[in-house]
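Paired with subunit B in one complex and with subunit C in the other, subunit A is shared by the two complexes that follow.
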Partner chain A sequence: MSPSVNYRFIEGRWLLTLVLLAAVAWSLFFVPWNSDVVHSGGAAAALEILRALFSPELSPSFLLVAVEASWKTISFAAAGITLAVAIGFPLGVVASGTLVSSPMKRWTSIAVVRLTLAVLRSVHELVWAWLLVLALGLSPIAAVLALGIPYGGILGRVFSEILNDVPEGPLRSLRSAGASELKVLAYGRLPMALPQMLSYAIYRFECGLRSAAILSFVGIAGLGYQVQLSLDDLLYSEVWTLLLFLVGLVVLVDVWSGLVRKSLTT
Partner chain B sequence: MNGTSPESGLFRLDLASKTYGATPALAPLSLTIERGEAVAVVGPSGAGKTTLLHLLGGVIQPTDGEISLGGHLLADLSPGRELSRLVGVIHQQFDLVPQLSALHNVLAGHLGKWGLARSLVSLISPVDRDTARQALERVGLKDKLHERTFRLSGGEQQRVAIARLLVQDPDVIIADEPVASLDPARSRDLMGLLSGIVEESGKTLIASVHSAELVRAFFSRAVGLRSGGLVFDVPVEELTDDMLESVYELQGLEGEPVGQL
Partner chain C sequence: MAPRIGVGKASLVGFAMLATASWAYILFGGDSGLADLFRTQTWREVWDFVRRLFGAGSPGTPALFDAQSWRTAAGLSVETLAMSVLAMVIAGVGALLTFIPASRNVAFGDLSSSRSPVSAAVFFVIRALYVFTRGVPELVWAMLIVFVLSPGIVPGAVALGIHNFGILGKLSSEVVEGLDHRPMRALRASGAGNFQMLAYGILPQALPQLLTYLLYRWEVVIRTSIVVGFVAAGGLGREFRLRMSWLHYDDVLLLLVCYLILVLAVDLASAGLRRLAR
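Right after this comes the complex of A and B.
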């Protein structure tokens, strides 16, 4: 590339940055900067919510409610992720194209499965929940499906990529030893991909906790449901307690994930 | 070149060449290798050694020309059962699956012979543990049977790879710089092990090595490559230091030599 072409490219990039900054600055003039920006009662409410953070509701009866809600949330998350793995693992293996060696079969199967996975995950779990609750009512099955289906789509896509990204050396060597693609998958790809797949699945379990908490807003028992109840009564101290329990759950899963990863490498 | 009739050669290359897109990796090469020979392939990086070895191992197919093994065209042999019975390949590293135990990596040598069901079952409950144990004992790693492969040192991993070849039991062993990652003492050790196994079972060995000392100690024939072309092909007794130097020499832009590395 000649120096003058390089120069032009860099100047072009700076110009674009300038234009974007100017646009942002200019847009600020369109905001009505009067007291309507913050909701009139908002400031007072915000202050009260903040104050409640320093005095979370710690009465034994409420703590029991929080523990039970946490237990329900983590159960839903666990069941949902299990379903997600059951969906995502086989579909991911097919989508990776590592199952068959003939090109024709490969492309059609990959295309169909990848499309399926994309459809599963492009619908957000809240929308799945809404649809499933309409169909199945407020049952736990609806919650587990609402979590498992989109997460299955996500896991499937990521698993297929992990399977494709394994080092080629050991696979080539297995082929030289006479292994067919299926044996290469079982002896080479899966063992090498498993640690990463497990890591990602545990990470998704953590995401599933949050999703399960939010899903319970829909009316299925859990932390989200309790948060909604407490919010309706404007009992902010209770809300903070429940949120602290949610943080606790996430930290717990984080620690567990670290232990699992350590046991894999020793 | 070896005074034998063309039909008696084990490996026959007939003007076999390999080109990747516009890049010629190996110029048309004709070569005959007899059963039981120990052939060293020498040359600088990019000379085409790996290309030649992969062609011989059936890992890649020639762009032009033919390669035949035992009278059969290499391209006609099915990569699973047939080819793996005849040829086994070992590389500098990354042959083994790190997460598997040495036992499973060694048993993978059976994968050309086992059916799918047995292969899968063996992952859970190892089939033919005894053969694996014997192979690991032959390479001096008797107590590493259940050790996770990623825990083994480089030299130990290369020996596990050799143990896998023992289980696979091919007629020809092709080794692409098998000792390049090892220190001189371990290199000698490993080459000695490989050479011993090849001799005692009457196998044929074709390997690329960089050390002149190893070439003289463990091989009967030396083939020199440079920039994809054959420079020399002599019995190891006729190999001189000058021949080796000429093949490894650095070349300037006009093709003139600029001294040694």
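Right after this comes the complex of A and C.
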């Protein structure tokens, strides 16, 4: 490493440190320090919520409610992810720019698709859900669309990056054997990229579970909806039971994606 | 080779079955709303909604072309930005304080000076905390926290902070677990104490990666800030919720435009800062 490179490296770090410290200081100005940050009775409520964590509601009838709500959340997440793959896969292939060979067409198609993906994923799924419920009414299909659209945007971008990161060697040998770009994609890029794409899709399924749970905010059934009902009645122990179910689901999918990832790297 | 195909294939088949069951449940388990997508009435309503977003049917200039509305929205955007930064401060400080004892190689392996049951217990407690805080979505944390904190940007920031504390903590302790052990063993062999190990062995290797993760999460947090604002009553989210319930859809569109600009700006800022961290 030459001294000049080293010098710039240090300068960048200093600048970053300064920027971060300034950001921290700036954000602290927005905290209303002089007024009551904790509202009256807040401490008592916090204590009650914490105490309920150690005595979650475990009566069979409530567990049944939790299981049913869990299944609704799982089904929205799974359906949403399949829709997201259906949106993200074709768009991702186009956004990777691997299909078209003429540079002019290639760059326009990449730019248009990338912009579309960016808009799809920039808006949070709950905002999508709210707009969709207003437009289409309160129905399961609105929930699936609300998950599928932003997740499709995310998957599309990540899929295109994975497709672009495939090693060039095998692709070149396919091309030299006379394969068209479509065949290079089908027999070269996709088989090599598929394991990573699968592992990322499973990770997104884990996020989808959490997202599906909060769609309840606009009135869609599932774990979050039950959480809201219990919160309205101040039944914190029921809230924790439902949250433990959600955490359990997330952990389960996390273990699953861990297994897939491990089988890919060894 | 054999198990590699096994897990991948089993996962694909398993997920396909789950997806089929889910779609079947959604489509046939009651009114799915799918038929509505093919009714002209639905699309007329959608079109009407879109027109009202652009100000049809509301008196006065649409918010999108009104300077005063833009000023209000800009103020809310700044507030939202502050909420996201505050959330990252909470998450970052929390993760920074806990990620080292939560690393497997520090708690049990090569890097530990003493393998005591205490460090093992600390490891499991922190890891369980990570799992729990990140398993519960930001919005649900916000719903709980409004029982304790006064409405504003602070409860939103705390909710975002708690959730991202779990994510950042997990990611950064995994960074420590993946570190190259040789420089640290050399340090230890030349007589470094625990503090020196931390300052010269672990942090220089782990901090840049931690910062990168922090900046990546910031991009996610700014997207979610509007959502926690719905319940925590801070920033763009509060105004979005109010305007929605007052049916002021032209204001809703303006808020969405500001939100998109904010998301885009944070993406760019984060990319720039990440380059500095490298």
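Couple of notes before you dig in:
We adopt the following convention: the second predicted complex is superposed on the first by the 222 of 266 C-alpha atoms of A that agree within 3 Å, B and C clash if a C-alpha of one lies under 4 Å from a C-alpha of the other, contacts with A are read in each partner's own complex, and residues count from 1 in each chain.
The rule we apply is simple: contacts are C-beta pairs under 8 Å (C-beta built on N, C-alpha and C of every residue); 3 or more make two chains touch, one makes a residue touch a chain.
Here the structure is a predicted model, which means the values were calculated and not measured.
Subunit A is touched at more residues by one of its partners, and among subunit B and subunit C that partner is C. Contacts of A:Leu120 after superposition on the shared chain: neither subunit B nor subunit C is touched. When the two complexes are overlaid on their common chain A, residue A:Arg175 makes contact with subunit B while staying clear of subunit C. Contacts of A:Ala52 after superposition: neither subunit B nor subunit C is touched.
Shared-chain residue A:Pro195: touches subunit B and subunit C both.
Within the superposed three-chain model, A:Lys183 lies in touch with subunit B and out of touch with subunit C [touch as defined at top].
Within the superposed three-chain model, A:Ile87 lies out of touch with both subunit B and subunit C [touch as defined at top]. In the superposed model, A:Val260 lies in contact with subunit C only, and not with subunit B. For the contact definition in use here, the residues of subunit A common to its subunit B contact set and its subunit C contact set are 195. Contacts from subunit A toward subunit B in the complex involve residues 167, 169-170, 172-180, 182-183, 186-188, 191-192, 194-195.
Touching subunit A in their complex are the following residues of subunit C: 3-4, 6-8, 11-12, 15, 18-19, 21-23, 25-26, 30-34, 36-37, 42, 45-46, 49, 79, 82-83, 85-86, 89, 131-132, 134-137, 139-140, 143-144, 147-150, 152-154, 211, 223-224, 226-227, 230-231, 240, 244, 256, 259-260, 263-264, 273, 275-278.
Residue ranges on subunit A touching subunit C, taken from their complex, read 12-13, 15-16, 19-20, 23-24, 26-32, 35-39, 42-43, 45-46, 49, 71, 74-79, 81-82, 118-119, 122-124, 126-127, 130, 134-137, 139-142, 144, 195, 198, 202, 205, 210-211, 213-214, 217, 224, 227-228, 231, 239, 243, 246-247, 250-251, 256, 259-260, 262-264, 266. On the side of subunit B, the complex with subunit A involves touching residues 57-59, 79-81, 83-85, 87-91, 93-100, 104, 108-109, 111-113, 116, 119-120, 123, 161, 164, 168.
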